[in-house]
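The structure that follows is given in the form of structure tokens.
Each chain carries a letter (A, B, C and D) given by its place in the written order, and its residues are counted from 1.
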Amino acid sequence: MLQVKKLCKTFGAVTAAENLNVNIDVNSTIGLIGSNGAGKTTFLNMITGYLSPDSGSIFFRDKNITGKPPRYITRQGVYRSFQIPQLFDSMTTEENLEISKSIAASEISIDGNQEAKVESKNQSVKEILEKFQLTEFQNQTASNLPEGTRKLLDIAMALIMGPNLLLLDEPTSGVAAEDKFKIMDMIMNVVETETTAIIFVEHDMEIIKKYTNRTLAFFNGKIIADGATKEVLSHPSVKANVLGLTSQDSKL
Amino acid sequence: MPDKTLTFTSIAALTLVISGGVLPQWAIFLVTVSLCYGTVVLGMILLARTGLVSFGHGLYYCLGAYSAGTSKLFWGISDLIFMLLTAIILTATISFALGFLLRKYRSIFFAMLSLAFSMILYGLLSKSSYLGSTDGFNVTTQTIFGYDFLDSGYARYIIFLITTFTAWLCCFLMHLYLKSNKGRLADAVKDNELRVEYLGASAAKIIHTNYVISAVLAGLGGALMAISIGHIDPEMSYWTTSGEFVFITIMAGTSSVLAPFFGSMLFTTVRSFAYEYSPDTWQLLLGTTMLIIIIFLPDGLWSLFTRKKKHRSV
Amino acid sequence: MKSFKIKIALVTIILCCFSKAFADDDAIKIGFISYLSGPASSDYGLPAKHAAEAIIKSINAGNAPTPYSMKGFSGTQIELIFLDEAGGSTKQVTEFTQLVMRHKVDFVIGYLSSTNCLAVAPVAEKLKILTILLDCGTARIFEENDFKYVFRTRSHSTMDVIAAAKYFLTDHPEIKNFSGINPNYAYGRESWRDWNAVMSILAPQAEKQSSQMPKLHAGLYGSEISSLARKKSDVIYSSLWGGDLKAFLMQASPRELFKETKLILVAGEPNLQNLAGFIPDGTIVTSRGMTSGMMENDSKLNRWLIEIFQEKSGGLATYPVYSTANAILGLKKAYEKARLTKLQKAVPMADVAGVQDGMKQAYLPPNTKQIIAAFEGLDFETPNGRVEMALGKGHQAIHGTSYGTTRTKDGKVYTENVKFFPAKEVQPPKNIKSLDWILNGFQLTK
Amino acid sequence: MNSIVAIIIDGLVYSSWLFIVAVGLTLIYGVMKILNIAHGSFYAIGAYTAASLTGSWLALGYDQSTAFLIMLFSAVLVGFTLGPIIERGILKYMYQRDEIVLVLVTYALFLMLEDIIKLIWGVNPYFLYQPYGLLGSFEIVELTYPNYNLLLIGCAITIGCFLTWFLQKTRHGKILLAVIHDREIASTQGINVDRVYFLTFTLGTVLAALGGVLTAPMISVQPGIGAETIVMAFAVVVVGGLGSLPGAALAAILIGLVRSGAVHLFPDLDLFSIYLVMATVLIFKPKGLFSAQEERQI
């Protein structure tokens, strides 16, 4: 479904992506691991159009989306959530979801491309509110929500139209440790996994182990390991360069 | 379910039309001028809801006024409706073109670039002796739908009616627009443009659309002003004129389509009286008012009317 | 609760403002508009305002010399309402309407800027209110329109240009070239256009060199001065005024711009003494038709004006003061003439009731139509000589003007070689636009 | 050839003036993110203070060359009085508000100060003509220039160098740079942002007043000079890139030269040459000539 070929990106002297090659199919759940600055978020940002790569190409469902603006890519069914929740702060929870739905559902042509429509798998706002246990917050202004709830709403907004590819940037960061599985369960519950692929960036290896069937390990802008989660986690280079650091972090 | 704002708008417009028959002439004139300002500010509100403040909306205000004013000169027609139409067409065309550029800008840069454009127009008009340079020229509106109303003795009242009707219509349509899915995107863009993009909509396009709408409203306001004042000059494009619109926008608040009309009514009244009773210190008064409103009523005067509701809901 | 109080307060403020508007009494109310703020206030707007106050005070007390010695206007006291002219024509039209409709002023005197004059005149016409324009140079007002309710009791600025050229050419008929520096707005542009037209007729050999158009109130003129200095023209023509003129001279004189170049100033700098130290000797200046300390004028009226103005403001009577005197005295003359005509016409006839009614009618003040009839074509004495309402179907005044050259001595500016130009020499006759008159070689037709 | 020399000299003199007038504005924006319209009023108040103080000083019969000291004193006096009053009294409570709201706050202040100036100094113009001719003049390509123009250029260079040195080499300056770079990080690292704002605003006010002080000898100091100047200063700051010191310098030179060229070659274009430069630069460099590309953290 998603083919990434020879993707490269540098910021000045820093190499954020070096010759990345990834193929992703439907019905897979993929974790991205790596220390801070290893290139995980840059990878997400390039797929979703926030950054355009220096070279290389990205195809989604055989359509070249390299360097296209986010709205174009979104319209192909690639939705994402953010590490720092990106909400409409002056609106209520319900309005946030309503407006997300109305944008996604409207048939505004993007750059004259009429084909680029979302194949809607309608979830109603109510359903989403219930599934994410947001109903009690539905009339609260987004800026007043607790951080964990903001995170949930952010993810819910990405999910409302039933994406074909869902990218989550640290879905459980800033969430209380006891809630993290709850959140992941909710997400998995909503996504129709048979037609959707999920990629998420995560530091928490328990989550990675529990929810992913494939993992990409990033180090210095390169993918140093790609495969079944178990294998990747036991890969020596991953142990040294990724897990070594993260385990140290968790000790601190 | 009838919409409260729409009902109220219509009642207010009707009351105005009826009271126009009894009000003294000077009050009618003051209200007409306020409604013209209000129409411009209505557009500014749409921009403000989109998160943008233009320090150069005088550009369209002035263009509207000049296209209405020159229709006699260029087309030989001095029909009120025709004048309004030319204003709409001209401002829509120019704002559509400039919009491609301005939609890339936000915040101060948007404010400054629009200021630059309005000052360029000011420069051009000041240079053109053909259009009276900085002195401008007088505008005569002879007919409406072909009916010669100028010498009927009701000229002022008819202009007042047309202005009220236009203001009401704009108010009505704007309210519906703001309620619609497309209109609500304005708030969304203001809140979080990035998210809007990641939901698949183009923030630039939304801004462009709203920019054109607000420009047309400014043009309409300018044309109506030209018709009711009877004189136009390049000062309408000077940055201080735009500053006044910004002032009213901030003073009135952006939460309701009625706020701009309320705001400009208050503004013209207070200015008129301040001018008279303290001609030496009216700027001091204006500045102080503005500061007080910004400090104590950040959402504008209109929030006085809506505050209660908010308390209830929280 | 709190917001409710604020609402009440707001509404009360608005209501108070409105109710104030309905006070009324018997005095004649005159709205007086001039610049009370902004760059034009210090030299133009405020002297005009002070002059109006001083003149009205003196007239109300019956202290003015003949023929203006009657108290008030025919005995009725006069009240002034002042407004600021700053802020653009949209605001001016609004305020004008307010003044007339809400305050029910009987007459309006005012406006220094041509923009405001042009904007207000048609409104005055619509509202049928007698309005006297105070200054505003542009000839367009009465050349492009026929106004019935609008008068201007001083000449338009074409006179300044023609007289300047005539004055200069008497001593320098062989002029080879000229340059100009004029503010970039309607007055400056019009003035420069007229000058070029006059030169093309009176000195066709003269070549136009540099034509500078700095922004109004630009402040710094370094580049303009260099550009003018490089041309070394015989003469520089300038319609800069007020602070702009002062800044220009302050910057130009240390740069020796005027070593070989003469300077003509046509904007009638109201207070030449302000320029002491910067204004080069031999600069050609005009009084713009007003006495302004340039001409010896020992008339009673002039002494009166100088004295009351001195008393009011402590300053010298400058040309806005004389403009104001023209407007007020002209109006007084017209008003009293109208009343007199009315009384003369009111011959008691027929039955007793008719006599009483007739007398009553006769003693009512004259209405605007009657005053207009008296005003049209009026000629009257002013502190700076005779003014005749000769153009624009009797609505536009003409009068003579004088030019002189400056010499600074002991920190004071004196004018020498003052030459007077009678009205007919520098003003077009009826029925021709001034620019056409100039281009026709000062003839009605070629 | 001569005309090119004249264009360059005139342009540089005008550029220096623009830079002096605009530098305080860009500094305040850089640190505090306030586009300060009241800058124009500070400029006017500086000019008024210099004109009235120096005028009465010279009237006492002191040597004319001491005028420059009094002028400098005026700038410092205005800056150290007005800056703290306005920053502590009003702006301090506004920092969490939107950039545009802050513009409006300073616009309100500008309106108020315009009338306060009138209440203090009246509407009659003030003159401070002595210093302009005092320094003599020099001649080049058959044109005479007063040495005061050199003083202006000198002041502009001195201010530019001083600020650069201050920002790059001193501790306080480095703190300012840190705040310019990222307000939040700076405050988490123990920098007292509140104090930095206070000092910056005072310094900016001194610079604005200095602009007025240095201009006073060339103009008639009268109501309305602030409004005319602030628009110029805006143009410079926006073209240069808001908050950038080298940007302001380059923009001042660019605008100065373009305007001077227009005056010499196409005098009719003078009126909007500045806005044309502004629009043109912004079309191609939306954030001005020098500006850090902001990358949003997501």
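Operating definition for what follows: contacts are C-beta pairs under 8 Å (C-beta built on N, C-alpha and C of every residue); 3 or more make two chains touch, one makes a residue touch a chain.
Given the structure is predicted, the values throughout are model-derived calculations rather than measurements.
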| item | value |
| --- | --- |
| Pair joined by more contacting C-beta pairs (B-C or A-B) | B-C |
| Identifier of the chain whose CA centre is least distant from the whole-structure CA centre | B |
| Farthest chain (mean CA position) relative to chain C | A |
| Chain centre separation (chain A, chain D; CA means) in Å | 48 |
| Centre-of-Cα separation between chain D and chain C, whole angstrom | 37 |
| Euclidean distance of C-alpha centroids - chain A vs chain B, Å | 44 |
| Interface hub residues of chain C, defined as touching at least two other chains | 37, 184 |
| Multi-chain contact residues (two or more partners), chain A | 86 |
| Residues of chain B whose C-beta touches two or more other chains | 126-127, 194, 240, 280, 282-283 |
| Of all residues in chain A, those that touch chain B in their complex | 48, 69-71, 74-75, 79-80, 86-91, 99-100, 102-104, 106, 108, 110-111, 118, 139, 157-158 |
| For the chain B and chain D complex, residues of the former touching the latter | 53, 101, 104-105, 107-109, 111-113, 115-117, 119-120, 122-124, 126-127, 194, 239-240, 243, 246-247, 250, 280-284, 286-288, 290-291, 294-295, 298 |
| Chain D residues within the chain B interface of the complex | 35, 90, 93-94, 97, 99-101, 103-105, 107-116, 118-119, 227, 231, 234-235, 238, 242, 268, 271-272, 275-276, 278-279, 282-283, 286-287, 296, 298 |
| In the complex with chain A, residue positions of chain B that touch it | 181-182, 184-185, 187-188, 190-192, 194-202, 205, 313 |
| Residue ranges of chain C in contact with chain B within the complex | 3, 6-7, 10, 13-14, 17-18, 20-21, 36-37, 81-84, 88-91, 93-95, 97-98, 100-102, 114-115, 118-123, 126, 138, 140, 145, 184-187, 189-190, 193, 216 |
